[in-house]
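Supplied in structure tokens, the structure appears directly below.
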Amino acid sequence: MNERSLIHTDIDFDRDGRQVSELHLPHSPHTDAWGVMPIPIAVIKNGSGPTVLMEGGNHGDEYEGPIVLGRIIRDLDPAEIRGRLIIIPAINIPAVLAGQRTSPVDGLNFNRCFPGDPHGSMTQQIVHYVHSVLFPLADAFVDLHSGGSSLDILPSAVVEPSDNPDLMAKTLDAVQAFGATYTVVLNNLGDPRTSTASAVENGLITVGTELGRGGAVSLDSIELAERGVRNVLKHLGLMEGEPNGPRDDERNLVCVPGSDGYVYAPAAGVYEPLHEKGALVEKGELAGMVHFLDDPGRPPVEAHYRSSGRLYARRQPGRVARGNCVGVVVVAYRGS
Amino acid sequence: MNERSLIHTDIDFDRDGRQVSELHLPHSPHTDAWGVMPIPIAVIKNGSGPTVLMEGGNHGDEYEGPIVLGRIIRDLDPAEIRGRLIIIPAINIPAVLAGQRTSPVDGLNFNRCFPGDPHGSMTQQIVHYVHSVLFPLADAFVDLHSGGSSLDILPSAVVEPSDNPDLMAKTLDAVQAFGATYTVVLNNLGDPRTSTASAVENGLITVGTELGRGGAVSLDSIELAERGVRNVLKHLGLMEGEPNGPRDDERNLVCVPGSDGYVYAPAAGVYEPLHEKGALVEKGELAGMVHFLDDPGRPPVEAHYRSSGRLYARRQPGRVARGNCVGVVVVAYRGS
Amino acid sequence: MNERSLIHTDIDFDRDGRQVSELHLPHSPHTDAWGVMPIPIAVIKNGSGPTVLMEGGNHGDEYEGPIVLGRIIRDLDPAEIRGRLIIIPAINIPAVLAGQRTSPVDGLNFNRCFPGDPHGSMTQQIVHYVHSVLFPLADAFVDLHSGGSSLDILPSAVVEPSDNPDLMAKTLDAVQAFGATYTVVLNNLGDPRTSTASAVENGLITVGTELGRGGAVSLDSIELAERGVRNVLKHLGLMEGEPNGPRDDERNLVCVPGSDGYVYAPAAGVYEPLHEKGALVEKGELAGMVHFLDDPGRPPVEAHYRSSGRLYARRQPGRVARGNCVGVVVVAYRGS
Amino acid sequence: MNERSLIHTDIDFDRDGRQVSELHLPHSPHTDAWGVMPIPIAVIKNGSGPTVLMEGGNHGDEYEGPIVLGRIIRDLDPAEIRGRLIIIPAINIPAVLAGQRTSPVDGLNFNRCFPGDPHGSMTQQIVHYVHSVLFPLADAFVDLHSGGSSLDILPSAVVEPSDNPDLMAKTLDAVQAFGATYTVVLNNLGDPRTSTASAVENGLITVGTELGRGGAVSLDSIELAERGVRNVLKHLGLMEGEPNGPRDDERNLVCVPGSDGYVYAPAAGVYEPLHEKGALVEKGELAGMVHFLDDPGRPPVEAHYRSSGRLYARRQPGRVARGNCVGVVVVAYRGS
Amino acid sequence: MNERSLIHTDIDFDRDGRQVSELHLPHSPHTDAWGVMPIPIAVIKNGSGPTVLMEGGNHGDEYEGPIVLGRIIRDLDPAEIRGRLIIIPAINIPAVLAGQRTSPVDGLNFNRCFPGDPHGSMTQQIVHYVHSVLFPLADAFVDLHSGGSSLDILPSAVVEPSDNPDLMAKTLDAVQAFGATYTVVLNNLGDPRTSTASAVENGLITVGTELGRGGAVSLDSIELAERGVRNVLKHLGLMEGEPNGPRDDERNLVCVPGSDGYVYAPAAGVYEPLHEKGALVEKGELAGMVHFLDDPGRPPVEAHYRSSGRLYARRQPGRVARGNCVGVVVVAYRGS
Amino acid sequence: MNERSLIHTDIDFDRDGRQVSELHLPHSPHTDAWGVMPIPIAVIKNGSGPTVLMEGGNHGDEYEGPIVLGRIIRDLDPAEIRGRLIIIPAINIPAVLAGQRTSPVDGLNFNRCFPGDPHGSMTQQIVHYVHSVLFPLADAFVDLHSGGSSLDILPSAVVEPSDNPDLMAKTLDAVQAFGATYTVVLNNLGDPRTSTASAVENGLITVGTELGRGGAVSLDSIELAERGVRNVLKHLGLMEGEPNGPRDDERNLVCVPGSDGYVYAPAAGVYEPLHEKGALVEKGELAGMVHFLDDPGRPPVEAHYRSSGRLYARRQPGRVARGNCVGVVVVAYRGS
């Protein structure tokens, strides 16, 4: 069977200047037999130089990336760069329009679908296009995530680790150039289906982030993202100048210590945390407790940390199901 | 027709000591023909003295009230008080179990249903019970609200204004005894259907709050609520001791200046705010802008403040519909 | 405002013979601007005599009534009776078509809506028609219920008690003529909004039933209903002959001893009962226990009987929410 | 209790010139605790003269009215009129945004809710505002309906009949001034809850329409509506000039002959009609038949006309439920 | 793993005469553990001759095919043909019962699922049966489509193009024999997953159609389909006689000129078209505009044709999402 | 791509004693970006001996298995056995929590998903873990099913047939050791995707059951399951003692005679059965009839048995769709 993507576009990836257009994914639901799902895309190109693919809206409730990439699309003068930017600011467009982490069309999490499927459901088709058409065009990949509706995370730049030492070194450099106070090595417990895992697997220098919190748009994360994206472009040689950011002694390079870094809700109910984000905590210490609001006579059930370190992320909504992530602890990164 | 409530309970409101039980509301949906919706209730009584009705879970995604009232139910020794506490920590129990502002059973907002209806839908029946059975038993009413899923509010104690100068004075005193940095006079633009408006209409000294934010459980608000509830009980003479809290010069008595205090989203999209909660802002100043993430070439639409003052509340979720509240400004309160 | 029903029909209630037609309730949802909801109705009349209104499908998942009334509509020769039968075999037609206790159109329980509202939602309009048009035409009312999806009940005839001693005596006689092994006095804890409570309030001799179980069609209940309906018609003088049924010493006249007759699930989970329907049980005895299948290490929570007597009804589905009715105990009836 | 509307607006109904703004209805769902539902409204006023209230979007899937009223709001020079236009082009705004006949917020049909309720659900509150605030400001009322999703209707102007002969005469004149080929006297079988029935009850000269078809936007109906609205304004003296339209011999004044005018689907399935809209049909003639597509061996069930006349409306979607309106026949109007 | 279909039937494909039965697809959802989804099928056979597979209900809201094929199943005398007809009049039966384009069971579009999967979801299993069992039995394939709920299309016969010149010639002949005024070469922009693309890929002479409009049943399309199907059978030699239809000079052989033939909604709102179906339009001409009914002060956004030609299809529902197909233009076909 | 399961656990399958813990399946929906779905698991091990894998909750509305396996987890002393028990009492945990046959997360039937997919949807991932991790650890597999919500089945032990005579013999012995009155050979019409078919394919001695009925928890089935599970462990040598159960002359070894054993609803409506479960019936005999409650004048449609034998299972809910299984007949088993 034909394994080419059904997505088409009028973008010319080789043309200089700014193009703002759409990817057209044929979509034939009950409400629209012969239409398309339009996915915004822009190419800003000036002469020769590296190609950086910049993605926002991988999850639809993480807003700093799409906002900042939209500003770049509207405001960046092609003359400011040398090379090519391919910008997909709201790649998972149905999720972005719904303000949901996952796509309302097929229920899938875009970031658990790589390498995709050209004849699969909508999310699988978009992923396949990114993997089979856009990744081969790029030298580097910037994937802007935020905490989303369910998490409140320390604003940070994220390293997807690689087994290739050379790529790992280049990636660490590029992520640190982003200039966040926290740089976190994070591999989703080894899940190969994320966009950054797939990008690294395909040899791209890859920069991730965790910005914002609780499904909100945060001023400080917007500022961090605007500066960080430019820092990465400077580091990669597309823009002139030196990356700026915190002083070295204000920076932290940390990692999640495997599954012990996570605290999960031990029961369904409402979770009351006992520490603020950023606190230093001890293995075995009480992290919080689950309350049973329909049964106030029943004592709450306790959750404890399983690793010492710094509290990197906390759950946003009070109500929890058993197994929901209520806390993530990070420790100093000492290389792989 | 019989206009008595169909709700029954084994609680004896006149008995001394601690009783923890349930209100039983007959409920006959498809899944349970002859069952009840159980609503937790506790009475803690010791001798004679005022009766304070304390309510949490008016909205189901505001957790500090239910958590703190649950602790009081489990931990308060009846000997610590003189008088009677009637505690309904999760009054809108279907909403509390769902973590939703409104009831999943009938879609109603409990706080827009007073005085209720004994033969109406579930929310209307619960409201009717509070209004016709519990309000007449009480001298004072404490209704613990938080920001809920959609708002991030400065933690504050809230005054529901009264046309009765004597009741207004007593209410202002009781709310200030709560001991929050911000005491806010707030009447929901005159809506008579809220629990506090109805309580004031029925002559109860009434203390409201806005704690927490974004549907999360916040440590500082838990602490404020625990101290504030005890402060009110001390002020009303049920507990011994003096209320404590911020120094006088750290306190702010403010009010919402009518409908001009509100900033509404001027279009559907994603709202980027330009000020942090607590900031001082000017009438006419740019408050934020709505981005169109599916159309990055389209410039965002601006929203402006319609009153000068302090930014008291902001919207939590980035995605907005036209008309969503994205900001609330308060000004100094100078009496009515 | 005009308070007449908007429902119309081509039935002539005064004509002799068999008429099978529909009530037409104007209904204007998205899918059908100018249509009607058709509700089946039949009138079988022969000369003068009492009028009996027979209703099935009050709840949409109780099938014995509609099946048996449908057979009567198709098969009963008008010459077999003296008087008039008005038969509404599927009165809550949207619920009947959905196989749901409550109406999918407005979510209401038909049997909690009397006396209805001519301009209200669909269920309220149908109830109003029964109350304001059909009740005044009738001398007696037969309302055929079954256990429905959530309950497994001993097949029985049901007495809605009346404060009027004369009506109460006539009603007891008519219900016992139905000829079930169990005759149960049952008033839904005094709820005035049921069809039988409203019928009694309006002076009708009223016969209720609880047939079938678990949302299924049961052979023995079909047989009981076919004989019982004819027995009632004989007792009321519309048909010739004597009612037949169990011997006197096989009959039980019992009642629900108020709210203590009910056992409610003490927690959410899966309920394991310890007695079969019909068993004799003791107050305080262990009735069953709620298991937590997601947490097999947690011991189950126990439920106990609150009254001695016979286990009249049990919950059908294993899964329970807190407050679901898991058992009903009846005791001997000794008059009011 | 306070019975004033909670809706507020910055519109000054007495000011000359064009004002385009919103009604703000406080709305407090889960997603937006303190926001409003904004309902567009415009006032175009020039000096003294009659006030005409023009409404579109009573049902949310009837588009010609809102489109044409929007053009008037944007394009009409206040100098073109004498008097006042109050234009609410999308009154049932949640339904309009959803493209649904009924409101997605409370499930209600706006046109079955008059006179509304200031403290009821959203639709009831909007209706109450129209009834209690806008009707008293107006001399005449133009309510622009189309066929909507479920019907395909001959484009026509509609007369809501009045018992008051003087008002009936004025109304007939105004509706005929609209200038449609078909003028239809239509009272929804006497339902008093529609906006036009309520307007007539309140003494307003009232002009209705049925434009468009099948939920689509039709070119000819747009043209008819644009001319018709201006014709009515000329007739009422707000604009200069004479109404224009079809020649007298091309006009038809007809009415629906009561419930016999309607053909309802006799079974659930797919309805195949046998006549085009506008055809002359005979009482008893075969109108169409219902097919059972899952059982092709079963012969279709037939539906017949119950009145002779002209086929005024037909069902749009092929699939039908029992009771759906599949045809409406009109006959010559001969006065009441 | 076993790759045979789990579908079974009692049809004997080799038996002469008429058989009307079902395909039984084992289906085990919550409501029916051990049942089947029955799919109607008929075989009409008389002696030797070609086999034609005729399919309706590929999409569940396209009714002319299933109605006409049902009539053939009930009425065609086997003696009228030589060869074999295999008729699946409602192949996507769950969608047909729901009146939806896509299956309510798994959300899939049957016509984007070829070649299917014997162990996949329901739609995939049905597709696999058609592809692996029925296609190999057939010489020719007739797939009857209509415009469905979202489109209003010129009634037409459709050619799925083939790279094989011989098959393409035979297919063109067969489709033209159908006898529509418009014969359209249409390949869904090269999508290989449609039933006709798959049939052509498997060497079947394939005849498609686009009948009806807007989810309605249209009289003229019913007539065209009844004549067209018989024309094709005559052309293929199963029935005697010559195909009839429009005169040669009334026929149009056209094609969609690639993606430029489509006009997509440039924004979400309500689309007002400016031309009737069938009109001749110019590239760059204004096609219509999107109105913003919640913001009447905002000017509408324009859409333009991207190809000159004849307007072949238009969107039916007024409300559009960005990217919805609002128009399709066809041009003269000049061979591939 | 990495084909290892993403599920992890802290269970040590080689450790002696009792371990009660969870499988952690990373799950990243909108409500919980970084959490897990916890699946309860226990290992009880004592020295060397066979490994038996025991599964409950394959379908989420079949409760006897999970309840009985939970008791074993809590109560069985490791010293009582020789060998290893791996117990997954609620394997399809989202379905178990919902009380649904199929998973609410992805809509899949766990028992139609073998061999699963490590990167697929949640059900596919759990199935893959059972197939690729747990099956290889086990010598025997006990899969406890009940009738679930839609069926009422004679409590029985079930044999999944094997083509391997040796395995078939061992399986027959083990299933008969369970000690049910009915032992049924049942292969779901050859579906290879069930857990027992997959287990047999992988060489495991496999014991199935059908307990309980109608979604309820039944006392007699609980008792049978508790005894049966111990009987199997005795038979396999993990526990001491002899299996006990009915006398040989009380036992029945039967099988479903292919697709003719099933009776399907011939139309949509309400099905009235004519025989009790366990009755002896004849091929061609009337099994029941479908009533049309919205059309009482229409005679019911009949269903007939297609095989002589004993009525093994009946449908529980009265309402049926066409094709629903309303009865299953079994015949004596005479070997394969």
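For clarity, chains are labelled A, B, C, D, E and F in written order, and residue numbers in each chain start from 1.
Following the convention adopted for this analysis, a contact is a pair of C-beta atoms (placed from the backbone, for glycine too) under 8 Å apart; a residue touches a chain by one contact, two chains touch by 3 or more.
Not measured: the values here are computed from a predicted model.
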item: Most distant chain from chain F by Cα centroid; value: D
item: Interface composition of copies chain B and chain D: same or different, split at half; value: different
item: Whole-Å gap between the CA centroids of chain B and chain C; value: 42
item: Whole-Å gap separating chain B and chain E, where each centre is the average of the chain's CA atoms; value: 57
item: Numbers and ranges of chain B residues touching at least 2 other chains; value: 38, 61, 149, 294-295, 315, 317, 322
item: Chain B - residues contacting chain C, complex; value: 1-2, 6, 8, 22, 24, 26-38, 106, 119
item: Residues on chain D engaged by chain E in the complex (per definition of touch); value: 20, 38, 40, 42, 57, 61, 63, 66-67, 69-70, 73-74, 89-90, 93, 96-97, 99, 149, 152, 214-217, 219, 222, 270-276, 291, 293-297, 299, 315-319
item: Sites on chain E touched by chain A in the complex; value: 59, 61, 100-102, 107, 109, 111-112, 115, 147-151, 188-193, 259, 262, 264-265, 313, 315, 317, 321-325, 328
item: Residue numbers on chain B that touch chain E, as the complex places them; value: 267, 294-295, 322
